[in-house]
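Two complexes, one shared chain (chain A), two partners (chain B, chain C).
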Partner chain A sequence: MRSVAEFDVGLEAARIADASARAGVEASARFSRSGPVVGKAESHGVAVSVAPGGLLVGLAISRSALRSGSDALASLIMELSGRATRRAGDRMNEVLSPVLDQDQLVSLGYERLTEDDPDAQYS
Partner chain B sequence: MPSTRDLIDQARARAAALSQVATLMADARGSAHALDGTVEVTVDALGALRRLWLAPSVIDADSVGLAGLILEVTQLAMVEATQDCYNKVGLQLGEDVTLLIEQLSGQPAPARSPDDDPGMTVEEFQRLRSERLTRPTRRPADRSSASAEDDAYFDNASPWSG
Partner chain C sequence: MTAEVEQVVRGGLDTTNRFAAKLEHDPGAINGARDGHVALRTSVGQVRDQAGAQRANLANSASGYTADRAAAASQGLEKEIQDLLDESARIENAVAVAAETLHVGEIRNDQVRDQIVREIAASMKALQAVNGIQPPESRAAAARQILLQLQAKIGQLTGQAATFSEQTIDQLTSLGRQLGGSDATTTSSASATHVPQSFNSNGAHTGGGGDGGGGGFVGKPRLPVAIPPQPGTGVDINLPGGRTVKAPNETAAKAVRAALSQLGVPYVWGGTARGQGLDCSGLTMTSYQDAGLQLPRTARQQTVGAEVPSIDQLLPGDLVVWSGHVAMVIGDGQMVEAGDPVQVGKIRTTNAGQQFIGFYRPTG
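So, the complex of A and B:
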């Protein structure tokens, strides 16, 4: 016999999946127009690209950037990936704002950058 | 047979469990390092860099190769972070909530992957242990002079060797 807990979980999964499928269709349509969202930042011979959420997906390091030393290089990559993550979040917020509430977007880490935010200035 | 009150309590407990997932994910981390020890990376559940350490020797490395290595180690750390999420959820909220999240996210726990290293099984551990314990008496001829010297060192160093 199936336990009540299993049934409950199945029902909850179906309910959430249904809601997310509806949002997903709308979101997919918007992403197909906008293209994949990537956040980028570049400085001192280092260029990074991150996926929404912050996963590093692209990294270019120049010879001159190596000369600054390993600690400085690691710090620069960390700083740039943080900036790129905020930019990707800003873009995700823009693309998904018609689909999800602002509260939901912010809880996912997708926040709008104001114009005077230093990270909003593309280098 | 559970009462209606039990069912309501169960449903409430499950809803409360689901609401904790975001909190648990916020604490999840994954770390990985390059085999040569030159790159160490820690990421959070979404993949954002939380720590990056580079060995001083990387300044002499090929910059393209180094960038590729950092990306590769980051991917490995991400797999660890995903598994850490599931471990935290499984530990705190139980296996059925973990399965629910795997269904919803469409992302199975990395430990379920067929090529995931399952570690040492109990049988394997016992077999290796029994081999280790019986080896010196079974195969005395295999003992090299180096291991004999090691034994001599331990014999001399032992406070019980008299």
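So, the complex of A and C:
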């Protein structure tokens, strides 16, 4: 058992900085291999792209989708951006899982989608 | 980067460090006080021996009224010195308890600090890892979330540290009250001052700690010593292995049978649902409840009834208590405990670095 006096904040901080720097290098290498992580969802002439976390980065609405009425279109966009966000989280989890703990990833909303999940990418 | 991390670490550890700093001074003072008492006792003991020797000389070499009176006075002096010695031993032991309480507080404080350091380390890694997120707004949002979660966790953990330090200080305060209320300076009192049994027997218990952390005890209560079973008493219990053992009474036997009926039940923290989920003290509490005896809820509070002075005197139904765990002796050198699941194992006194407190017979 380490005693109170022996605890060295400087050393501990250096160790943490070192470990996190390594995590940073590893993560950026994995990001450069994977390309930018974006979640996409498309349905009934509407296509949505979001960044991890849910920020909308792309939206395309076809002429035919406009004909479905504003209420239906609004709810479709909401549904698709939710799906795209979950997909982005799934991709983030895939990219970062060798670098960070699952708990940490899940707490950031980066959760794996199971194959039978209706939002899973290629179901 | 390192400087910033250091700042985070220092900030996160503020509460635990302040408590640690407080502790750093106190054990020194307390150990000093204990050593001082030991020295005093030794020197007073020498005085007593000298007085005794002189009295013997006087009785041998002289006779008559004056010599008798001198011998009587010397005897009175020896008695007073003995009282003083007893009193000193009591204070010395209480000081030892105080030192141990501080030590336990220190270990728990260290554990919380380690946990905080781990949380900071994980969050710093995450901060670096999410650097690769595009666009920057999303990266910033992720970073903000990591820091907010870290802040919440540190708050929770330092809350824990504050609770631990409060408990330690409470225990010390109550020890102080016990000493202060006992008229500690009186040496001429007619009744001899007894050293509490639980202090005396502690030495035997601490020998069991095999993990370098030492044994010791957490706020050990003063209880009577359990008596061995008398001829013609005892209630049979059949153990799962086929052997039959004798519990000291019907309540203990029922409690053991009730505990054994829970074998295989999963461990659930805080669980008291028999057949569904139990934690360690939940198993012992509900089993004694079935037998008609109410025990306190937590492991550390289940130091009730009588204290069993040594491992070879354990009987079925006795409790083995650590600072954060409890198990029930079933006999034949075995005990039942709520690990995951509830299971039977050999009796032991070590438990993953926890402080072993003692053996207790709730029905004693």
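Some observations on this one:
Please note the rule applied: the second predicted complex is superposed on the first by the 99 of 123 C-alpha atoms of A that agree within 3 Å, B and C clash if a C-alpha of one lies under 4 Å from a C-alpha of the other, contacts with A are read in each partner's own complex, and residues count from 1 in each chain.
One rule holds in what follows: a contact is a pair of C-beta atoms (placed from the backbone, for glycine too) under 8 Å apart; a residue touches a chain by one contact, two chains touch by 3 or more.
Owing to the predicted nature of the structure, the values given are computational and were not obtained by experimental measurement.
Legend: residue contacts after superposition of the two complexes on their common chain; A:P36 is shown touching chain C, with no touch to chain B. Once the two complexes are overlaid on the shared chain, A:A120 sits clear of chain B and of chain C alike.
Legend: residue contacts after superposition of the two complexes on their common chain; A:A27 is shown touching chain C, with no touch to chain B. Of the two partner chains placed around the shared chain by superposition, neither chain B nor chain C is touched by A:V106. In the superposition on chain A, contact is made by A:L96 with chain C only, not with chain B.
After overlaying the two complexes on the shared chain, residue contacts for A:D71 are found with chain B alone; chain C is out of touch.
In the superposition on chain A, A:A19 makes contact with chain C only, not with chain B.
Of the two partner chains, both chain B and chain C are touched by A:L55.
In the three-chain superposition model, chain A touches both chain B and chain C at residues 4-5, 9, 12-13, 16-17, 20, 51, 53, 55, 57, 107, 109.
Across the interface of their complex, chain A is touched by residues 2, 7, 10-11, 14-15, 18, 22, 43-44, 46-49, 52-61, 63-64, 66-67, 70-71, 74, 78, 96-97, 99-100, 103-104 of chain B.
Residues 4-6, 8-9, 12-13, 16-17, 20, 50-51, 53-63, 65-67, 69-71, 73-74, 77-78, 81-82, 85, 107, 109 of chain A touch chain B in their complex. Of all the residues in chain C, the ones that touch chain A in their complex are 1-2, 5-6, 8-10, 13, 20-21, 23-24, 106-107, 109-110, 113, 117, 120-135, 137-138, 141-142, 145-146, 149, 212-213, 353. Those residues of chain A whose C-beta lies close enough to touch chain C in the complex are 1-5, 7, 9-10, 12-17, 19-21, 23-24, 26-28, 30-32, 36-37, 51-53, 55, 57, 92, 96, 99-101, 104, 107-109.
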